[in-house]
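Input: structures, listed below.
The following pair of complexes shares a single chain, subunit A, combined with subunit B in the former and subunit C in the latter.
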Partner chain A sequence: MRVFRAIGRLVKGTWWLFVGMVTTTKHFLRRAITIQYPKERFEQWPRFRGRVAMVAGDDGGHKCTACAQCIRVCPAACITLERHKEGGVKGFVVDGYVIDIGLCIYCGLCVEVCNFDALAMVPEYEMSVYDKAELVYDIPKLLSRQLEPEFKK
Partner chain B sequence: MIIHPVLSWLNEWWQGVVATYGLPSCFVPAAQMVVHAILIGGFIAVLVLFLIWLTRKVSAHIQQRFGPMRVGWHGSVQTVADALKLMQKEDTTPRSCDRPVFNIAPFLAFAPTIVAFVVIPFGDGAIIRDLNIGVLFLFAITTINVIGVISGGWASGSKYSLLGGFRSAAQLVSYEVPLVLSALGVIMLAGSMKMGAIVDAQSRIWFVAYQPLAFVIYIIAATAEVNRTPFDIPEAEQEIVAGFNVEYSGMKFAMFFLAEFANMFLIAAIAATLFLGGWRGPWLPGEFWFLAKSFAIVLLLMFFRWTYPRLRVDQLMSFAWKFLLPLAFLNLIITGLILVLI
Partner chain C sequence: MATDTAIHTQEFQVNMGPQHPSTHGVFRMVLTMDGERVVDCEPHVGFLHRSMEKMAENRLYIQFLPMADRIDYLSSLFCSVAHCQAVEQLMEIEVPPRAKYLRTMFMELNRIASHCIFFGVFALDLGAVTPFLYGFRERELTMDLLEMTTGQRITFNYPRFGGVAADLPDSFFAVAEKFLKVFPGRITDYERILNENEIFLARTKGVGVVDGARAINYGWSGPNLRASGVNFDLRQNMPYEAYGELGYEAVVLSNGDCYDRYLVRILEMRASHALIKKCLEGLPDGPIVKEKVSKFPKVPAGEVYARVESPRGDYGLYLVSDGTNKPYRYKLRTPSFNNLSMIREMLPGVYLADVVPIFGSLDVILPDVDR
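On to the complex of A and B.
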């Protein structure tokens, strides 16, 4: 009896060896799924959350009101805002608004917290530059790329 | 059919040169040996470069990747770049090593492989020395590289390489037995140990048809013999880093690497010669058929590597002694009985 059981196990084991080889061959014949990165890029989703950008208002300028909520919430502390009070104007006047993309962790909290829809994340992820200074984005640079209208927050 | 005329033309040309300039006649065989050595060396170098590329490509495609793609067409020159890089590397020697043994071990591991290529019939007449003890010579010579491996492991002065060397020695010695026994069936059928005679005996039917069991045993034992997965416990990365060659770097590591890949091809070439009819095949030149059959076996070994998980040390040993060896003896007895009765 033990002999028969052993032979049975032998046959079964050999069969599974064969099944394994068939599986390997199947995968071998399939197309590779690698994307050859610099030559080809993957198709981006329309709402891909890449770097932070400023949303243009109706007049083409930014919509920031200098409320500083984004600065308060930014965990990487990469946003700097310059503002001043002016008589006769409600709230603040924005003098400068800078995001250091090199520090940004793409968390999206600033976009979330902004009450005036001034910020958004755009599908842009290749941020490498040769000079660190180029990673500091000021208002014109932040406004340079816009989302398609239907995906505005 | 390709190599043989070229070689004999070279030989005649050189004989002419020797005769014209009145050089001593011992220059003729000497030059012949040099030419053969260069041929084998060149063949192994090109072969290993190609095999490494092939391994990387095949393993990548089994995992649905591309493997090397940048250097040359589909990464075909990648291995050349890697080899150049390896040559530039610093040749480190660990402080606790046994220096002379450490230095000589890679050559001990590599030299037998070159020597073994002497009796491989690449095509019609394309065999360097058709010794009348061809198969015996082959198995005797290839066993020597165990010494290289174990002395490399011992001399490194590291526990991982020592373990790797021990495992390797145990494995190679135990799998050598079924390997030779499976080849013995073929030798009995052919009635000769001469590689040429074995190929000639298969002019009608390949020996794999007469000796299917021996072929299976041979493939299993050969996989173990060249340390390929599922029998790669001497270099089991997850357990002992890389086994006997952990401490090696630069050209000495390249030697071990070269030996490993050349051995893989060698074992496939022996399988093709003993079981698959050697260089015999219709229409195309013999060299083509020989390479095609050998590479089919090499591909099989590569597929094994990506299909089967590694065995444990005790499983490996009991498989060799309790299963393969009796099976090999059984095959031998059946072959003998049939030969006597018919």
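On to the complex of A and C.
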């Protein structure tokens, strides 16, 4: 009896090994889904939240009004803003706007709370640098990449 | 000639982790061994402690939303949905039906992604490399769907107080249809490779058996509990979001060994697939976010307990608000911690080789344990 059971197990085990091999062979003959990264690249979906960028206005400059809503919402506190009041001008004047990409967690909340569409997430993901100081993005650097913001509120 | 044939052994200790590949993160077990047998196991957790609860208490409600994604990064949507549910319950916000359906659908997609990882990693722990690649391949499909809607692949930051952040893009439906068509066949492939494989059966059947009563005593939840024959699933027993309308029947198996814990997850992937299909078919029109909910809400004073069925089990969140814009107390009840708590009782008596399948079948994730 034990012999028969052992033979039965052997046959069953071999059969399921065979089924598994057929499955893997089928996949082996398919086209590979991996890509060779530095040579080939994925195309990002338009909404992909890469890094934060400033949206250029009609004059090519930024649209920030220094309302500081983005600073209020930022969970990582990576945005710094310098502003001052000036006589005759309504609101604030922006002196400097800096985002430390090294601290940013790419949540996109700053883009969402911005009432003036001054910020957008652009699908850029290769931001490695050799020096940490290069990760601090100021206004010209934030304006350097322009894309139609698809991630609508 | 009469000799003493018994070999006298000495107990010794083996450190497993914190850098061991099959501890899925940084988890350390000090195993006291008697030859091949485990005598005692001393688990050490806390290597990944990031004081999430305290971080929540020091941030605005909206600021913790992307952070909640990082509590359990393989199923991050569940944590942020629970966060939103707690705030919505205190503020008495009714979420629009479309937002409910969207949340449900993406939670199920995220569940599939998480179970795919479990499938791959569990098989990898047992020495099979192919399922790992298959699991990650299918996870990529769900990630694509999540990425094109939410904008991220892992930390989605998708739900908002009173709804969700974004509606489906136009290209979503074609990709989703392709995924729904392809995925059942892929699960069949998974089953063909592992379900009846002799080596896999030998290493998982009857290993690490936990009966239902013991599982309940230790506060187990999720697939681990259902593998022990307890019919409890929040989606079925306490429906939230759109589960009540969709209807869901929990997958329950009875043996409570490593194999059943594996099989429950495979069957749940099929159930999730059916739910996503139902969601897409019955997706109501309308707004995706409730009007006039502040981005920086002041939550009325009170206490609330929100719970969701995450891929690892019952994810609970106890929130105490004192009426300001920050939580007063933010207590997390993460499923992985409770599921892991039995490891000290499960391990004594088993072989060293069985430690890996037992630990792997619990499907704990260490950031969720330590949080």
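Here is the rule we go by: the second predicted complex is superposed on the first by the 131 of 153 C-alpha atoms of A that agree within 3 Å, B and C clash if a C-alpha of one lies under 4 Å from a C-alpha of the other, contacts with A are read in each partner's own complex, and residues count from 1 in each chain.
Keep in mind that, in the parts below, a contact is a pair of C-beta atoms (placed from the backbone, for glycine too) under 8 Å apart; a residue touches a chain by one contact, two chains touch by 3 or more.
Remember, it's a predicted structure, so these values are computed and weren't measured experimentally.
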Legend entry - More subunit A residues in contact - subunit B or subunit C: C
Inset, instruction - Pick one for A:Ala32: touches subunit B only (first), subunit C only (second), both, or neither. - result: first
Inset, instruction - Mind working out whether A:Cys67 is in touch with subunit B, subunit C, both or neither, as first, second, both or neither? - result: neither
Inset, instruction - Figure out whether A:Thr23 sits in contact with subunit B (first) or subunit C (second), or with both, or with neither. - result: both
Inset, instruction - Kindly classify A:Val136 by the partners it touches after superposition: subunit B alone (first), subunit C alone (second), both, or neither? - result: neither
Inset, instruction - Could you tell me if A:Glu112 is touching subunit B, subunit C, both of them or neither one (first, second, both, neither)? - result: second
Legend entry - subunit B and subunit C contact sites that coincide on subunit A, given as residue numbers: 17, 20, 23-24, 27, 33
Legend entry - Sites on subunit B touched by subunit A in the complex: 58, 60-66, 69, 303, 306-308
Inset, instruction - Show which residues of subunit C lie in contact with subunit A when the two form their complex. - result: 59-60, 62-67, 130, 134, 137, 140, 144, 147-152, 155, 157, 165-166, 169, 189, 192-194, 196-198, 295-296
Legend entry - subunit B partner contacts - residues on subunit A that touch it in the complex: 17, 20-21, 23-25, 27-28, 30-34, 36
Legend entry - Complex contact set, residues of subunit A against subunit C: 9, 12-13, 16-17, 19-20, 22-24, 27, 33, 45-49, 72-75, 105-109, 112-113, 121, 151-152
